[in-house]
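So, here come the structures, one by one.
The following pair of complexes shares a single chain, chain A, combined with chain B in the former and chain C in the latter.
== the complex of A and B ==
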């Protein structure tokens, strides 16, 4: 007879083994390794929480300290490879297989380990894609998550950085998995219940508060006039033209410059209320001046940002907050919002090829994707119209019954023709292809596919790829804004001139922008301290961003 | 579309060397020596395939400050971090030597430098030594040399040494004065000794407020060109004489400082010993509140130099 409850029984056995090291659900910080060695089994699928922001770092250290003869060959399914311990477990043999999404700071080491064959790689996903697989074919046996506080029943307060936690817990707790949470403190009563206690099996009192990376803070003092010029072109040539109200911004300096130009440059253009009102965005400190000037109606967040918590509390008309007053973020929902409810994604990249494919992978670094490829893609499941979406759709397809033409998501790449250390952004061939060949990947890690990209903005101008009618035009439109890179110098001058006459390529002067006007005096804030002043002292920047 | 403002109200930190000078001296009085049209450029940088600047990153000339003649030098922090090279240094030394002949009311040095250019290190180091010698000569001839520090690159390396020989210094909050930079200290002594990424620590240790409270700088300005102008006018009028008594007083002051604060682990401990009531509040203080605090610290103002 088939036993339909074997998973359940296995789960009960794991919990029982773990209880030996716990008082009820509560586990002392120094018993983490014992707990994990009791609950985990070789070959388990483990979700170790951590993305580009918060990290279950105490549990990560515990896992790395487990005995590889007891715990080995784990299959890690996790958003981020960020901490050294995330890769240490592959060196010791505790883990073997990996499915992940983002690997910012460990990008160099993960590339080496991939080349060296120490990691058996499943795939590099977008966040939403990996979350989806948690519910289909990558469901975790054990989830190791992070929260701010918990009570003895396991009711969990995640604080402003809720991020991936509800998704990870949902997939694990309701499919016979075990959920272990690290918290900064055990309390009598949590400020708000982000995860109900009956979904949490063990609560570990961490030795230190969980780590959060201030990834979304851009110092206005480091913004250049080139970035300001690009931002001015984007505002006038794209935001204003399409009337983009609902949007997501990437984390680069270009988009941060746009945020700082809203209350100044865009205000002078009379665009207030007409653009950039509803956002799927982390609480970027550089958005503070626009919020304070009444530009922003609403912001839903993937996570929080270090130092922004007090400000968010005091601006609940704009942000999503709980009964306790603090931010409620949710990566899965915000990614969905970015995919389906935003008319534009605008962000930067490291390499763009002649077809418009872009990648942040270079020969020595595999940075992963995070959320950009999800939000930077045209969702074919979208059915609701908006002016921006319809206008973009009509530009792309000019023949046929208008009622049968779908709209297009605006996917904009904002890049300088030469990036860091004067490395050209425009290339004939993406480094990602070389990486795929060397590591035997079936798919090259492409951040945004060329057919999803609608505009490329550089200091030389805007290329509107929607208006290109064939691959040749597309290539010349890209070459036409690629400046003095090899790709740019390889342009067909006559064709680029023709594309400019058609409005496919637009130079600053075509937009009525004088490049010499691109001046730092246009920035609503020129320093982190200015942002603190704008926030009325509510923004508390981390030490590494202070110059006072 | 450009936002037009009163030149005096522009940020010193944000302004270029030329913008600073133009708004610092009396309007329209500045006359540049060896300007960009003369093309006095570094002979060394082309060897390293590095771009040169027509003025080698320093603007020198004469103008009037509150009606009195002054000589002015301003480093451009945005060209190679304002670093000293052969031509750059020679322009500054030449200006200081010209002071002895022309007897201006003061020489103003607008520091914005990371120190010596590695690509022309020997020439740069020599320039530092020659500059210090020339400052001493100018001061001995009765001409005050005033340093103004509030630029992006701060005042580091040889620039920090030169600043130590000036008659008076004015600094803003964002201005930093030191010899070894944060990264250099971290590289040599480790992040436990000095974490260069902890910028609040960097500013507590090297920033304008700390330098003012300990008397290393004699005036503290808001980050505007107008505030620096006002400070410069005041400091020209209060510069101490350059004689044995001043030097002995300076030696005594520095010895006392080491004795009194040598065991402090953080600038906040020094501020507490100086009598600042709430040292932790100092970094976030507004310019006005800080100026008041600084005026209550007796050690911050002295005639040693």
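== the complex of A and C ==
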């Protein structure tokens, strides 16, 4: 006879084995390894909460310290590969297979390990896609998550960095999995219940507060005139042109420069209230001047940002906050918002090819994607109009019944033609293809496919790919803004001139922008200290950004 | 260290009458540009000292575009490069030409 409850019984057995090392649900910090060795089994699928920012670091250290003869061949499913321990487990054999999304800080090491065959890679996902698979074919057996505090019943307060936690817990707890949470402290009563206690099986008192990566802090002092010029072109040539109100920004310096130009340059252009009012965005410190100047109506966040907590508490008209006053972030919902409720995604990349495909994979770095492939794609399930969306749709579609025309998401790549150390951004062939070949991946890790990209902005100008009518035009439009890279110098000058006359390519002078006006004096804040002043002292930057 | 020399003839003399200007700094990713009005009004010379070798064709293209756009006749331009990217070079050259537009 079929046993329909075998998973449930296996779960009960795991919990019973774990209880030996716990008092009720509470486990002491020094018993983490014992707990994990009791609960985990070889070959398990494990979600170790490594988010974009928040890290279950105590549990990660515990997992890395497990005995590989007892715990081995794990299949790790996690959104971020951020800490060294996330990769250590693959070196010791504790883990074997990996499905993930983002690996910024470990991009160099993960590339080496992929080429060396130490990691069996499933796929590099976009966040929402990985979350979706948690509910279909990558459901975790055990989830190792992080929160600020918990009570003895397991009620969990995540603090402002809720991020992926509700999604991970939902997929694990309701499908016979075990959820282990590390918290900074056990309290009598949590300030806010982010995860109800009956979904948490064990609570570990961590030895140190969990690590949060300050990923979204861009120091205005490091912004260059080129980045300011690019930002000016984007504001005038895209934000104003399409009337983009609802949007998401990437994490680069280019978009941070745009944030700092809203209260100055964009204000002078009379754009206040007409652009950039509603955001799916992490609490970027560089957005503070725009918020304080009344530009920003609403921001929903994927996660929080180090140092922004007090500021957010005092600006609850703008941010989503709980009854306790602190930010409530949620990556799955915010990614959904970025996909369906935003008219534009604008961000940077490391490589763009002649068809507009882009990737952050280079020969020696595999940075992963995070949310970019999701927000940087045109959602074919969207069914509500907006002026920006409809205008982009009109530009793209010249055949067919106008009554059946649908809009287009604006997907803008904001890049400098050369990156660090004179590495060209524009290439004939993406390094991602080489990675796929060498590691036997079925699908090359392309971040944003060319057919989703609508505009490329560089210091040389804007290429509007919506207006390109064939592959040749698209290639020349891209070459036409690729500056002095080999791709740029390989342009057909006559065709580029023709595209410029048609408005497919627009130079700074075509937009009425004098490159020599791109000056740091345009930045609403020129340093982190200026941002602190703008915030009325509420923004508390992390030590590494305090250089005064 | 690589040294590059480019000589162009121009249709016009650089506007303004300032005899000399200097802009930028020799720092990593940046450059210093010295402009002197010492040549015949239909000639322009650019001399470059750069620590990064192998980018001669890029420099040639950047300088040629600058000359075509700005017509800096009469200027001898000396560049002390600190590994600047081409867009930064273009910007500094344009900034230098603007400084020379002032009256003496």
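Keep in mind that, in the parts below, the second predicted complex is superposed on the first by the 548 of 548 C-alpha atoms of A that agree within 3 Å, B and C clash if a C-alpha of one lies under 4 Å from a C-alpha of the other, contacts with A are read in each partner's own complex, and residues count from 1 in each chain.
Simple rule for what comes next: contacts are C-beta pairs under 8 Å (C-beta built on N, C-alpha and C of every residue); 3 or more make two chains touch, one makes a residue touch a chain.
Since we're looking at a predicted model, the values are computed, not measured.
Undergrad: Following superposition onto chain A, is the placement of chain B relative to chain C best described as a clash or a fit?
TA: clash
Undergrad: Looking at the overlay, does A:195 come into contact with chain B only (first), chain C only (second), both, or neither?
TA: After superposing on A, A:195 lies clear of both chain B and chain C.
Undergrad: Of the partners chain B and chain C, which touch A:499 in the superposed model: first, second, both, neither?
TA: A:499 contacts neither chain B nor chain C.
Undergrad: Is A:110 contacted by the first partner chain B, the second partner chain C, both or neither?
TA: So A:110 meets neither chain B nor chain C here.
Undergrad: Answer with first, second, both or neither: which of chain B and chain C does A:463 touch in the superposed model?
TA: Neither chain B nor chain C is touched by A:463.
Undergrad: Classify the contacts of A:156 with the two partner chains as first (chain B alone), second (chain C alone), both, or neither.
TA: neither
Undergrad: Which holds for A:287: it touches chain B only (first), chain C only (second), both, or neither?
TA: neither
Undergrad: If you stack the two complexes on chain A, which partner ends up touching A:225: first (chain B), second (chain C), both, or neither?
TA: In the superposition, A:225 touches chain C alone.
Undergrad: Which listed stretch of chain C (5-13, 23-31, 59-67 or 95-103) steric-clashes with chain B in the superposition?
TA: Given the superposition on chain A, chain C and chain B clash at 23-31.
Undergrad: Quick one: which bits of chain A touch chain C in the complex? Just the residue numbers, please.
TA: Per the stated touch rule, the residues are 224-226, 229, 416-418, 422, 459-460, 483-484, 489, 515-516, 518.
Undergrad: Quick check on the complex: what are the chain B residues that touch chain A?
TA: Result: residues 1-3, 5, 10-11, 13-14, 152, 173-174, 197-203, 207, 209, 283-284 of chain B touch chain A.
Undergrad: Note which residues of chain C are touching chain A in the complex, please.
TA: So the residues of chain C in touch with chain A come to 52, 55, 57-58, 61-62, 83, 85-88, 91, 94-95, 98.
Undergrad: Across the complex, what residues on chain A touch chain B?
TA: Residues 221, 264-265, 268, 514, 517, 519-522, 526-527, 543-548.
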